[in-house]
Structure formats: structure tokens, C-alpha cells
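Shared between the two complexes below is chain A, which pairs with chain B and chain C, respectively.
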Partner chain A sequence: MKYRILAVFLAAAVLMCSLCGCGGATSETPAPSDEIAPSSPAAPVNEITVGIAQDLDDSLDPYQMTAAGTREVMFNVFEGLVKPDSDGNFVCAVASDYSISDDGLTYTFPLREGVVFHNGAACTADDVLYSFETCAATSVTSALVEALSAAQVTAEGNTVTVALDAPNPDFLSYVASVYIVPKDYAEQATQPVGTGPFKYVSRSVQENVILEKNGDYYGTPASLDRVTYRIFEDNNALFTALNGGALDLVTHLTIDQVNNLTNGYTVLEGTMNLVQAMYLNNAVKPFDDQRVRQALCYAVDVPAMMELTAAGHGVRVGSSMYPAFAKYFDASLADAYPHDVEKAKALLAEAGYAGGFSFTIIAPSNYTPHVDTATVLAEQLKEVGVTAEVQLVDWNTWVSDVYGNRNFEATVCGFDASSLTASAMLARWVSDNGKNMINYNDPDYDAAYAAAQDPSLSEAEQTEQYMRCLEILSETAANVYTQDLADFVAINPALEGFTFYPLYVIDMACLHFAG
Partner chain B sequence: MRQLLKKLAALIITLFIVSLLAFLAFQIIPEDPVTHLLGTEATPEAAAELRAQLGLDRPVLVRYFSWLAGVLRGDFGESYSYHMPVADMLSDKLPLTALLTGLSFLFTVLLSIPLGVLAGSVRSRFLDNLFAALDQMVMSVPPFFIGMLVCWLFGLVLRLFTPGAYVSYQDSWSGCIAYLIFPALSIALPRVAMTVKLLRGAIRHEMEQDYIRTSRSRGAGRAWLLFRHALPNALIPVITFMAVSLAEIMTASIVIEQVFTVPGVGRLLLASISNGDFPVVQAIVLILAAWIVLINFAADLLNGLADPRVRLG
Partner chain C sequence: MKKKTTRKKGNSFLYTGAVLSGLMLFLILLGCFWTPYSPTAMDAAAKFQAPSWAHLLGTDNFGRDIFSRVLQGADASFLIALCVVGISCTLGVLIGGLCGYYGGLADLALTRLCDSITAFPAILLALVIVSLTGRGKYNVIFALSILFIPSFARVVRSEFARCRELNYVKSARLMGVSDGRILFRHILPNTFPVLLPAVTIGFNNAILSEASMSFLGIGVQPTEASLGLMLSDSQTYLQSAPWYALCTGGAVVLLILGFSLLSEGLQRRNGG
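Showing the complex of A and B:
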């Protein structure tokens, strides 16, 4: 018996060893740890670890990446001929200058001397032509493909010229979206190469993405030598790591997380750059009646909702434009429908719904702020006799059912801008637009939007037309507009230079350690 | 030998059925890899083209068998999301999950046998009740909650580790193991409680047997009776139980990986399901199923080694 027991233990031991052994074998292979550890202990550590809430489970190819989180990181790696700055203007990047002909049809971009790709190759006009062609042929952003299809790109010497079929006042923002990549380089999806201030080093599935300073950058080089993005797909784990001091920078925190933060990090407040609203399907009863939509706008109390869900943080919006678009944002529209229960009831009675009605608000379950907003709004609507039931769906269902098939009554979600143009926010509500999820149909709006596209307009006149569009959305109560959500950033107090952009990006090149 | 062949056939059939079911389950859930890859702004033409490129426009069974043919050639395909070969992704993740499973198992063995012997041999009624109550408590708390408690107590209060500051085993084995101690502990605790309960019962049962009484009447001491006679017999059911629990530890680690953000196979599985990345899901499901079948097989063999009465013919 004794030997039998011994045999069993030996067998168990062998099993254990084989388990550990399969790990042990790999440890013999040369691990990349040598490069990761600081080369000499005396060298100052000039690197940071950033916590991000989603994996880059996406193609890294600049024309194939879709996730906002991926774009946010790769903004540091890729550049176009021009690139957006933190004020929303376009500054020269791969191009050293640009000029637009008076008729708005010809764009001329002399290329900057000495731009080198991260793989060491010099950037030439051929690469730029290749980038424009590849982007036009393969980009997943249909608006970009459409804009490029009306453009002929040619090069002469070191100057690239873009000729348009018709003037397009937003064209520069599309140029900024055409990231310049080396010609005939086939591994962008897994090993991207661009011209930005940081170069891509590696990605480890669900663990991290590492960027390194581009020492050959033509402009002011980045201060940080290395940025490691640590991936946390669980928000609680991200927060625990932040509070434990394992991270130097985390963006997109909620007010609850900020209030629970105890480690002395600096907290900055910005906005998410999106328009959150209870979007109403204007084609279904009773929302096809403008009075009913207006009644809902009067019935809800947005400041109270913001107080409840985010302790009053965030910026109220009254139309489809967020405050970072300073040129178009009109704060007074947020006050167009003050909380007024009597007025709401009167409008409902006028529309024939004196007894109220019931409907369903769909909210994407993975976005807590939208779910919270939907819940509070539904509660507030009870006061005017309207019963709203909140239904949570997963993101893919939301995309296919609500966004794709427009099969909904109301939904709380946020819309952001894919490029720094007013049309990125407003084109979708034109009655025949394929992305007009809410089936908005207003001839005045269509006319004002069309007028804004007129190339002969001055910038001020064009802005005026876009502002008119925003007013119409407010007057007709296209949706129950709520807010641009507050966006909190927690940052290591020694780090300086964090800059909010009007786009969903974090510019690592402006961060540096104090002193 | 015949037994072995039989088991092997059962293994292959199980894997076939499991992989087919996993493949079919994917037809029901709403995750669409094309929507995930192209986002909301893509044209329907681009979506159709990608669908054709990934072969998603073919009938389900055709896709299944072409996948199966690939696997039989050792080709698990390429991840839709990451554009990387699935085999490369798994070879990164499997050592980590294996390490976590191994550590958890080690803790289970090291903690439960001494504790079980202790619990089985205490004579105080009070201590016995205390053991039973503690046991019951730990056993009934789900591992993910134990994980959260461990995170809070060892991570945030005692600051023995930084939750979320996982160290990759590719960077440092010792750092990785030091981090994994806590998730491994969370997985092991409920198993320890169960094993202790089993061992305690078995020891009590053995100590009441005739051969113990006979031995005691011949003047044997209590320790001698316990370790020489009762324990070896009491361990037989425990060993089988532990072997089987090795399969459960692997599945428990899928949950615990989420709590401690250990980027192992479990997290990859969940993310791949929500991305509709089914070459990855299929491969992981296959590996998990194979592991469970193999462990059960090994448990049968061990049982036979330990107890000649059930030795295979």
C-alpha cells in the first residue's frame, strides 16, 4: 500500500512538472526582456504607462481600423499631409505648406524635405500618391471614399496637386484623414509604419501596445521615449490599477471613479466630444408629430438628470453640435426647452395624447452613461403621463437593429464627428442620407444644408447656414438633446502638457515630465 | 490497451461533437465579425466583399468542414480581428493559463492535505464544528467573489500586490508568478474547502474501521494509526477528486482571469466571442474540451493505480 500511494504522488508530481515544464521550455528561448529593462540603472526613466479600456482588436492598417480606441492610439503613429491641432485647425505635417486655388478646385501641397518613415525609407511623392490611391480603394469610412472619388491626385517633382471635380469646403479634413504610408508595404495590419512622432513597436493581444519615440521626426520630437498602453477590458480592473499607482495616465473616467480616486493624481476635466440625446424615430407614431417631440423636450429636466448621473458635470447641448466645435456651437440652444410640465401636457393634449402614451427607449448596455441617462429620463417622463420602458441591448444588436434597420422608437446614445467638419455632424440628418437613423425629414433643413455646400459662399456665410441647420433641429425638436458627457483624465502629477483635442485622440507628443 | 484505444476514440468523438456544437452556437448569437471589423460607416458593398473574403457567405456546414480540414492539417486559421495566426496567439496565452492552473493545483494540494488531516483528527467538538462551518462558507462563495475579496484585502489594504499590474511572463517569470499567486489562491480556496471536507470525512470513516480498532488493541499509537493506516486509505477518493478538479480549475481560471486582468486564454475567449472572431473561439473551445476529457481519463488511470479494486482490466 505504501508504494502504491507513493506511486500516485509521483504520478501527480510528474503531471505538475509537465504543466510547469511546458512553461519552462519557452523561458529558455531568448526573451525580449533585455530590451524592456532599462539598459543602465542610472538612465532616467522617461516613459509612461497609459491604461486604456479596450483592446486594439482591430486591424492596425490606417485605412482599415474602425474602433475609436484604435484611432486614439494610432493618431500618434500616422500623419496625413496635414493634421488637426488641439484647436481644430489643420497644420502642415507631411506637406510643408498648402494652398487652395480661388475656385476651390485645386489644392497644392509641396512636400516637406527630410520626412522619413519609421522603417527608415524617405517619404516621396510616390508614397503620397500610393497612399491616396490605397485609401480611396480600401478605406472603411464611406464619406472619405466618396470625397476621394471626386479628386484626381497628381505629383510633379516634390509637389502634390489635388484637383477636385467640384469644390468641397471640407476637403482639407479628408486630406488629414489620408494617412501617408510607404508604398508597397504590405504589413500595415500588424506592423504599421507611418511618419508620426511615435513609432509602433509591438502589440501583445489583450496585454499592451508599445510605442517608441521617433528619433528622426522632422518636427519637435516627442519628449517621452516610450509609451506603453496597458489594456484593461474590465473597467473595475482599470480603476484598481490606476488607484494602485500602476498607471501614469487614464482618460475617459466617470465622476464616480474620480471621486473614489485616492492616490493624489491630478484630475483634468474635458468633454467626450459627442452629442448625447434621446434620439427619436421621427417616422413612427407618435414621434412623427412635432408637438409630441417638443412635449418630451419640455417634460425632461436635463440639468436634474446631469446632477443625478454625473454630479452636474458635462455640458448641455440643444442641437447636434458639441462645444469643442466652437465655430458652430450655440450654447443658447440648450435653453430652448426649459423644464415645463404644464406646457408639455398642453402640447400632448393638442396632439391628441392627453392621456399619455408608452414607448420603449433602447440603450446600448455597454455604455453606462447612456443607460443612466435613459433611466433618469424615463423616470422624469412619468410626470407628464408618458410611460417609457428602458430596454438594454448589446452593442452589436444596437448597430444592426437600431442604427442599421432603424427598428426603434427612441434610443439614448451619442454621436461624434469622424472628421473636424460640421458636415460630419449634420449630413446625417438630411432626409435622404443613408445614415439618417431617426428618419428626420424637414425640407427647410435639407435646403439649409444644401445651401451650406455652395462653394461660392464665404466661410462666414457657410457657418451661418450650418447654424441655421442647428436651429432647425432645435425648433422641430428632432431629438431630446441632453449633453456632451464629461470626460475626466487622471494623470501622474509629474506629467505636464496634457492637451484636450476636439477629436477622440490623445496626443502623446505634448506630454513631458516636469523639470 | 483496448481500454486505452476506447478512451482515445471517445476523446476524438467528443472533440468532434463539441467543435460542431460551438460552430453551430455561433450561428445563433448576434455577433457579426463583419460589423465589428468595418464599423458603422462602411458601405454595404465593402461588407459583402469582406464577407466573401472571409468565406462567411458559404453555408454553415461547408464552413465547418473546411475549418475541420484545416485543423486536421494543423492550421487553426487566422484571427479576424488581429490578422494573426490563431496558433501564434494561443502559444502566447496557453503558457500563462497553464501556469495559473498549475499554481492553483499546487495550492490546492499543499493546503488541503494538511488541513484535511487536521480537520479529520481533531477531537474537540468545538474545533470540529468550526472547521465544518468555515468549510461550508468558503465552499459556497463563488470564486470570482473570492477573487474580488483577495484583490481588496491583499491588493488595496495590505498592498502585497498591485491589482492590474500584471507582469508578462515574457518579461519576468518570477514577477509573473508573484502576481499569479493571488488569482491562484482565489481559485484554490473553494477547491481546498471541498477537498478538506472530503478528506475529513474519509479519515473519520477509516478511523472507525475494524482494522484500526484491531491495530489499536495491539498497542499502536494514534499518530501511527492515522498516518500509517487511515490516511493512505482515506486519500484514495481524494486523489480522484483532485485530478478531476484539475479540469475545473482550468475553467475557473477563465473567470478569475477577468477579475485579476490576467490576459490568458479565458479573456481571449470572452473577447473573441463578443468580436465574432470564431477561428479563435473554435480553437480555444477545442483545447478546453480536450483538456477536460484528458483529465478525466487521467483520473481514471490514477484511481486504478491507487486502488487495485478498480484497476482496469
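Showing the complex of A and C:
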């Protein structure tokens, strides 16, 4: 017993030495470069293994899926009448064409000939009607249910017509979310059947999900014969498998993981498709004063923050819109508030806070990028005499307390779009919107947003109104906008064709082996 | 009370412990007044630098000087541990002393209460308390102080219960000395040989618990430095910047080792 303490420290010393050993072995490795030649020849079989970070345990039923990770996989299995492409436009899928009446009330979809479900049955207008009814009745996405409740779907021969009670400029994006499934097929939750370029084969709980090429696909068939998604709920295990070459493709990597990658895989950089900002509660003092919010925007140095947290990767944003929405994204808004300490101090003095003030930034502890951003911003704000304390909360607390009860001063987080529409990003800042977490209240903004909903507007005019909304958010400094975070993909160099989508999906149909 | 050690060779545990804790105390005091760099100053150009003369222990993922942060973190840990031990020791001695001296039903109830607190793993209970009171430095001090009371109360109670029957206490009582005076002037000093190792061990446990809680993200909040928080951050960079974890871990080890040796030495000196 006397030497118990010594023994413990001896054990600690041995552990430290072994840690030194593994650290020393890898710390000298150069950073991987995109030009490194493939370390292994193309796989002889035309199949790939993809590493994913979570099991698909919510549901495989197209209307019951909730997790973004599940949607990411099942995007390859299901299709709607139309589907989004990588530019954020809608292209025809089960429908061969679509037309919208001039008053915006009637959508007409002639169905494509020869569309066959994965179970061999032909897709008919009855299946489409059934899909719309089932989706409206059972979908877990409330915005979708709401949009469908104002629509009457009828079929005549091979043409499906949707009549709306009131014009809805975003209706097409909801149509894309109504996945077409065969009528009277009850096994969707365990053996899903759709019309996509891949068909579902099997799923082993916490192990893998297997998809196979749909040979009867009406469009260009997929090049890969088989895609196996391996599930790694532990981030380190996922990285080890990737670095060891057991996986061909892993998405959503961090800059630190990329820097530690040594197997010569190609690294592609995209963005996460969200708007990270220090969201300010516009209803609490001192953030109810526009000058204070503007002062904070001038006080922070976003490029320096990105350099510190992600070695400069990521794309700066200046309003509630991320760059993948090319139609609405205005890169110049990111420069609206250049780093200017003197101007920030002057604005603070004008607002009556010459001596600075203190506030708390809440950050969800499970999202390291947000915590890092909050830490750096808090340090930068010291320069203008503002003391920011960072407080970490777990995700559930954040959702209930910050998002639900709006009980916060400032929080660093990211907002993404649930569908490919500008309103998915902008509706929440309308003063009476239930999701207006920051209590933003600007009559000009409300007016511009309402104007954009006018069905008589042409697409260009509507875009103009949405752009105006974005400018108002920037002018009034609704939040301290920072960036769309960098999203890294590591891919077997033999694989080509990886395409980033403005949505949280990976399109397996565009991947193919070189040569 | 001043029993000389029976061992011929010197009490090496005591001396090494004293030297090591003295050194750490000096660094902690130094950290209160001076650090080579500001512990929160970030520098994008100096990210992940290995230990060098400019940065003794290297820099972290924000380019902050790890030595300065270790100094400040040890400072924070030390102050928290000091508060925790101070509060829990005072309350523990009061509760244990009164229970041991008077006995009876209150003694039984309080002893059982202490037993039931000890029955739970300390970190689990601390998590429960912090989830009720919220995160942050002061809540951690509160939670740990409550958890550490039983360990002191127990040790002190048995000493008081033993001394109560000794002749010098009996004679003091016969001479009409008041209970308060007997408790605190006569018996309390005689419990020091037992209390002192308990304090040093408690101190160690407090430092470790604070580090664990900060590691889990419920203790000291970011931007402020804390050894536990730094260890938690450093695990991401174990491969690319091993010095971050090693230096921070090393600081915890040295801090604990010094006080452990000191307490072991004290126990030996008292013939334990």
C-alpha cells in the first residue's frame, strides 16, 4: 500500500511516454495535397464504401425520416415529381415536364413514360395521388404538411394537376419533397421502394446500409454497381478507417482531420450550407440599439477569426444567405462591416456605451466550430472594451432555452434551409414569425418580405425583393454574420464526379471510377 | 503530539513533496502576477508551435501560449481547490466535531447522511448538482464543497469520539471548562495529525474533480484557462500537437504528485 502512489505515477509516466511515441511518429508528416497521385489502382469491382457518422435509426419511410443523415442517404433511393440539382434548380424526375399557370394556382405535371419502381411495378398516376395523400396525412415535416393542405391533387390520364388555394412561390420545392412511392406498399419503413437511381438492399443496425444500382432507371443510370455505407458512431474510428484506406468517401470532415490525413486521398472543399453568425437577441438591452449591433459588427475581425479556427477555410457571409444559393447570395454584403475598431468605439460611445458593457455568448457545446468561433469573437471584442463571456450549453438546453424560450443575449450557431427556397432562410426574421429567435423587428424587412410573396411578381422581381430583405438584415446589423463553414470531403483519388449540392445530400449517381 | 519519527533515514516523501509543492506554489503565485504572454491573446501566425524558447511549452490551436495558460489554469484550479477545501473542511470539522463529541440521535442521522453522500460516485453527484444550479466556476465550488464535507466529517468525528473519553478531556470537564473551549481548544489541535493528511488528499481530489468537470465542459467556461478544459481541447490535437496534451497533463501530474507525496510524508511522520 505504501508504494501505491508511486505505482500510479509510474503508470502515468509510461502512458505519457507511449503517447509521446505515437505523437512523434505522425507529427512530422506533411499535410496532404490535392496533387498526390493515387496510392492504389482503381478498385477492380465497381463498388464503393462510404463512411457515415450516424445510423439511419429514425425511419427509412420517406415521410417519417427526420435526421439529416438519413435524408442524405435516401436521396439516392427516392425521387419526387421533380428533384433538386446541384445548382439549386428543380429538374424533372417522375414528371417529364411541368408547367405553372400564370396566376400561380395550377401546377401541371405530365408523368414520364416508363418509370418503374424498384419492386418492378410501373409508376402510374394512382401512385402519385397515393403519395401526395399519404405524405399530407403522415409527414413529420410540418411545413410540408401545411403546404399540401392547401393543395388539391387530381389526375387525368397520365397528367397530374395540383390546384392551390393561394399562390405559393415555393411550392415546387415542396413537390420535390413528396417522394413518389408505390400505392398500397406497407413495408417502406423496413424495405423502402422508390424510383431513384439506386435501390435499397439492406441495413444492419449500427453496421451498414447497402444500396444497389437501379438497372431500370429511366434517366442516365448510375455508374457504381453498389454503395455500402458503413456506420461509425465514433468520430475517431471513422477517421482511422478512412486514413487506413478502408473507406472510399467520407464527408463532413474538419480541417484538423484533413491536416492529419496521410493516405493521399483527394480532399475536396465545399461549404456546409448554413449561415453561422453571432445571433443577437434584438429585444434585450443593449442589442435593441442598432448602433450597438453595428459596433459589434465593426469590432469583430471575421477573416482573422476564420484564419484562427479553420486556417482561413470557409466562405464569409454578410447576411442570412449562404453561397450555394447563388441566385440570392451577394458576396459584397460580407464587406459591409470591415474590421474598424475606432468606428466601433465611436458607435458605442454614440449609443451611450463608451465604457463598454458585458454580455454572455451561449454556444452549443457539441458543435466545436461554433464554440471556437465564440471563443475568438469574445477575445476580439475585448479590443473595443466589450466583455463577452462564453457559456457552453448542451444541445437540448440550447434548443429549449435559446431557440424555444429566446432566453439569451447572444449565441453562436448556424441556420440552414429546410428546403431550396429563399423563404426557408428569410421567413424566420419576419417580426411575427414563431421561429424569429432573435426578436428581429423591422417594418421595412416585413414589407419587403411580404412583397416577395406577391404571386404576380416575375421571378426576377421576386429575387429583387428577397435581395432587398438580405440588404436590410445587413444594414440594420440584425446579427454579427460570420461565415458558411468549410466542409471537407476525402475521396479515393480513383473516384471522379463528386458534386456538392446546396442541400445536405450526397448524390451517388454522379460518382464513377476514372478510366 | 510531537512524536519523533522512528525511522533512521529521513522522511524522503515529506521532503520531495514539500519541494515539489513549493515549486508549484511558486509558479501558481507567479501566474497571479505575471505570465510571459496574455493567456487569452490569439495569434494566427503562431498556431501549433512546438515548445521553443519563445514559447516554453508551445502554442495551442489559437496560437495562445500554453505556458501562460498552464500558469493561469493552475491558478484557477488552485483557487477553486482552496475554496472547496476551506469550505468543506470548516463545515466537516464542525459537523464531525459536534457529532463525535455529543453523539446521540443527531450523530446517527448525520453520519448516515454522510454515508449516503459517499455512496454515490463524486463526479456523478457533482453533475447532478451542477445541472440543477447551472455551469460555471462558483457552482463547481458549491457542488464540490458539499461533496467533500463527509470525508472531513468522518475523520474528525472518530477523533473527537476517541478523545472524548481521554483523561485530559475528562479532567477539563470536571474543572468546569465550557464545551466550546474543550471542543476547539483542547481536542481540535489533537486531531491535526489526522486532519492534515486529509486536507492534502482533499486538496488533490478537489484539483482532480475540478479538472474532470472542466474537461466535461461544466466547470470553468472557455476563454478562461483551466487545466481540465485545456486537456479536453488538446485531445483533438493529440497526434498533430502532442505537446499540448503532454504539457497540460504534466502540469496536473506535478501538482497532484507534490501534494500526494506531502500527505504520504505527513502520514509517515505520524507513524501511519
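Note that the second predicted complex is superposed on the first by the 471 of 515 C-alpha atoms of A that agree within 3 Å, B and C clash if a C-alpha of one lies under 4 Å from a C-alpha of the other, contacts with A are read in each partner's own complex, and residues count from 1 in each chain.
Operating definition for what follows: a residue touches a chain if its C-beta (ideal position, glycine included) is under 8 Å from a C-beta of that chain, and two chains touch if they have at least 3 such contacts.
Every value quoted in this text rests on a predicted model; they were computed, and no experiment measured them.
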Original post:
For chain A, which side has the bigger count of touched residues, chain B or chain C?
Top reply: B
Original post:
Same chain A residues contacting chain B and chain C, which ones?
Top reply: 2, 5, 12, 16, 19-20, 22-23, 26-27
Original post:
What part of chain A is in contact with chain C in the complex they form?
Top reply: 2, 5, 9, 12, 16, 19-20, 22-24, 26-27, 256, 259-260, 304, 307-309, 311, 365, 368, 371-372, 374-376, 378-379, 382, 388-393
Subject >> Contact footprint of chain B on chain A as seen in their complex >> reply: 1-2, 4-5, 7-8, 11-12, 15-16, 19-20, 22-23, 26-27, 31-33, 36, 51, 55, 57-59, 64, 66-67, 140-143, 145, 189-190, 204-208, 230-234, 237-238, 240-246, 394, 396-397, 399-400, 403, 418, 435
Subject >> Complex contact set, residues of chain C against chain A >> reply: 40-42, 44, 47, 61-63, 135-136, 217, 221-223, 236-243, 245-246, 249-250, 253, 257, 260-261, 264
Original post:
Tell me, which parts of chain B touch chain A in their complex?
Top reply: 30-32, 35-43, 46, 81-84, 89, 92-95, 98-99, 101-102, 105-106, 109, 151, 155-156, 162-166, 168-173, 232-233, 235, 239, 242-243, 246, 258-261, 263, 267-268, 271, 274-277, 298, 302, 305-306, 308
